[in-house]
Amino acid sequence: MTNRFLLIASAILLTAIGLTWWLQSRQVQPVAITPSLTDQIEYCLTCHADLTEISPSHPVETYGCVLCHGGERLALDANLAHSSMRGGNNQSDLSVVEQSCGGSNCHSGESAEGQDHIQRVMTSIQSTYAGAIANVRYTYGAQTDLTPLFGSVAVNDTSLPSQTGILHLEAFAISSENNQFLQTFGENCLTCHLNSTGVEDSLSTRFTGCSACHSPAGESRAGEIHTLTTAMPYTQCNTCHNRGNYDLRTMTFVERSDEAVTRLESYYQPIGQFTQCEYSLDCVDCHTRTEAMGDGDIHANQKDIEYVQCKTCHGTLTELPLTMTLTDPEDIAFRLAQLNPLMDLQVGDTILVTEQGEPLWNTRLLPDGNYELIGKATKQLFIFRPVMGSACTQDGLEQSSAYCHECHAVEH
Amino acid sequence: MRPNFFQHIHPPTIPAEQTRWRYTLGAGGTAIFLILVLAVSGALEMFYYIPSTGEAALSVQTISFLVPFGGLVRNLHFWAAQLLLIVSAVHLIRVVFTGSYALQRRFNYLLGLALFILVILLDFTGYVLRWDTGIQWALIVGTNLVKTIPWIGNSLYKALVGGAYPGSATLVRFYSWHVFGLMLLAAILMIWHVFRVRRDGGIAVPPPKQRDDIVRISRKELVRVEVVAMLLSGSALLLLSAYFPAPIAPGITEITALSGAASAPWFFIWVQQMLKWGDPFFWGVLVPLIVLTILGLIPFIFPKPASQDLGRWFPPSNRLAQIALVVIALVITALTLVELRPVQ
Amino acid sequence: MNLFSRRDFLKLAGQGFLVASGFFGLGIFTRFLGYQAEPTPPIEFDLGLATDYPVGSRTNLPEIPAVLVRSETGFSALSLACTHLGCTLEQEDNIFSCPCHGSHFDEHGMVLRGPAKKGLVMLRVEQNDQGHVILYAAS
């Protein structure tokens, strides 16, 4: 009797062992890389081999995946591998950005080297939303002046000295507000800053943190966005800007409802006047890095940080626009130009520069006194002349864009 | 020819009653088999496991995902360990419910209880060796419970943890306990326990004159039964290991506060529930020790089963002991289920 | 007559299953232990600018171990690991001697005296775009 059992049990064991061998052979073959910056082997590419390289300046052979994203580098089980990833699917979220994109060799180094992006972004007005919050609280009597006290998240100014004197912001919290309008404001209106992903399933959804701008969505909004670029098209800025208007009485945001056909129509809401520059170029062609990412101080109003004007590129009747001739091959203008190769910038070229010394590296002074500019995202070439010596009848003291619009806006 | 140790514990003939599945459930023998599996799979794991706080969790991931059949070896080790706890408990219950702890078998019963404690400690130390976020309850709460013991608590804690708080010294000590200290003790006790079975007259059955079933089986037959049991248990273990992976979590990067989902290992969940009721020493140390003491005193304080009642389940003569065990088992199970109930 | 009954067949089959399981088990054991966790160590050495090594020079590099030779025709390298059991050779005049068991080699790597039997291994040397000398140690 036992002999029969013995036979059957042996057969069962052989089947079980054969099964384990078969399962082992079906296991996915691990794909390893050893990035040169970490010298630690990673197996992320076993499943993610078809992911596009994120940018030419972050090649996967050098950085790998784990250095930026975190995660378990040896795990071949998806749940375990992703469980310790920083910031979920976005490691540039400002709560974890220092560990992901920071470090003195990367993007939170010395301001003199131009490497302090993270410190600047965290206090920038696009992140804190401090001006809007202060304005609304002042309007409803929750504070006695426009000094910003609250931001989208709590933040400290760590790059002293501060020219604004504002060293700290508390996190705005609906529960700490007594005024019903301010509470509604907190519920409806705090979706346009770098710590928010926007309204879900609308055209305003974006990543938080650095990727809010630097990882623009492609043609389709579905699927993974694995890109880092400095050539952001206006559509990415429009995930916050030009979306519609706030109605302070009902404390709601009214999305724009116009049907856009041309680029101008899709760019801006049909409420303003715009020159050809303002809709042919992308936002990043004029608005500088300091304007977008901040200067390290906590500001009360966007007007404190925006300074680029028409005359920055075009000059006035009496002054040519500011330029600088590139003599140092280590100049940051060359590094910026290399990130987005549009024009072959050489030592000895003269480029436009802003009033604060920021190089407009996608421009160049031509031998005939005109200037050329290549759109960073559109790659379109523009040749333009300075105001000086032209038929422009401007009053030299009036340099606001509304003044220039009187003649140059597209409706005229 | 002088008999060897194997032949000594496999006598030329034994009563067939002693080998019936419906009597013993094969629990004791399965436990021995599981220990063998644990020894072999554990030895294999030792080729790749690194008992250092920075590398432990990574080495466990290497075994699980990268080493050929590493996942199988680890899962075998994990399942054999958990099944051993269950099978040992079944064996304990069987021994009490059949009155096989009485008279000359009293010492062996205590040996078995000591083995049970060692198995729990081995399970616990092995669990901690993962050194990942999943084991933090065991590490922090378990070691802090030691500190609550009056007078000797702090010294005991220092000896166990090797420092002021759990760190690299703790891992090395737990590794040494798991791989050598506790294993050596368990091996000695196991051999003694098996030897005592034979010396106490084999598995408990009524004495020959009071026996109904007088069939005896040969040594060869006994060995065949054992082999069949091992083959079937082995196959079951292989299938479990192939389809249900052992738990794993990201490695501990620094010993900080427990995450909200911190949980005890499954065999201590009843203790985790009791710890919500009050003083940690009383509920976390004293009460489990009292339970253990009651179990140990069963052969001493309860009426003993009559010799003609041996060899069958639920003999009437030791009802009290059976009831005591049922109560303990039910309470522990109830506490576990209450703790596992989802939060309302 | 030798009858091979059904019982014998079944017994043989049972033993066959167990033996087959045993082979599978041995296979598991072997493959398990054959895994290599560490990536292979680097085998390239950047020795600096080629201009640092004048023509006719012989440079001892004990950390590899190798000797870098620059002749009129270019760079070459000899491994200084003794072909007997691997000890690092020492140099006296133009003879390489092994401190472990007394093997001797000449400046071209030929065996002068045993117990080594084979001559020294030639290693690959190249120059990269920046004019650096790259030595490829034996793997």
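Which chain is which? They are A, B and C, in the order written, and residues in each are numbered from 1.
In the analysis below, a contact is a pair of C-beta atoms (placed from the backbone, for glycine too) under 8 Å apart; a residue touches a chain by one contact, two chains touch by 3 or more.
Quick caveat: nothing in here was measured; it's all calculated off a predicted structure.
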Comparing A-B with A-C, the one with more C-beta contacts is A-B
Taking each chain's centre as the average of its Cα atoms, which is closest to the average over all protein Cα atoms shown?
-> A
In whole angstrom, the CA-centroid distance of subunit B from subunit C equals 49
Averaged over CA atoms, how far is the centre of subunit A from the centre of subunit B? Could you give it in whole Å?
-> 57
Between subunit A and subunit C, the Cα-mean centres are separated in Å by 52
Set of subunit A residues in contact with two or more other chains | 3, 6, 10, 13, 17, 20
Which residues belonging to subunit C are in contact with no fewer than two other chains?
-> 28
Touching at least 2 other chains, the residues of subunit B are 62, 66, 68-69, 72
For subunit A, which residues are in contact with subunit B within the complex?
-> 2-3, 5-6, 9-10, 12-13, 15-17, 19-20, 23-24, 30, 43, 72, 74-77, 80, 83-84
Seen from subunit C, its contact residues with subunit B in the complex are 28-29, 31-35, 37
Quick one: in the complex, what on subunit B touches subunit C?
-> 44, 47-48, 62, 66-70, 72-73
Once bound in the complex, which stretches of subunit A touch subunit C?
-> 3-4, 6-7, 10-11, 13-14, 17-18, 20-21, 32, 34, 41
Complex contact set, residues of subunit B against subunit A | 58, 61-62, 64-66, 68-69, 72, 221, 224-225, 227-228, 231-232, 234-235, 238-239, 241-242, 245, 248-251
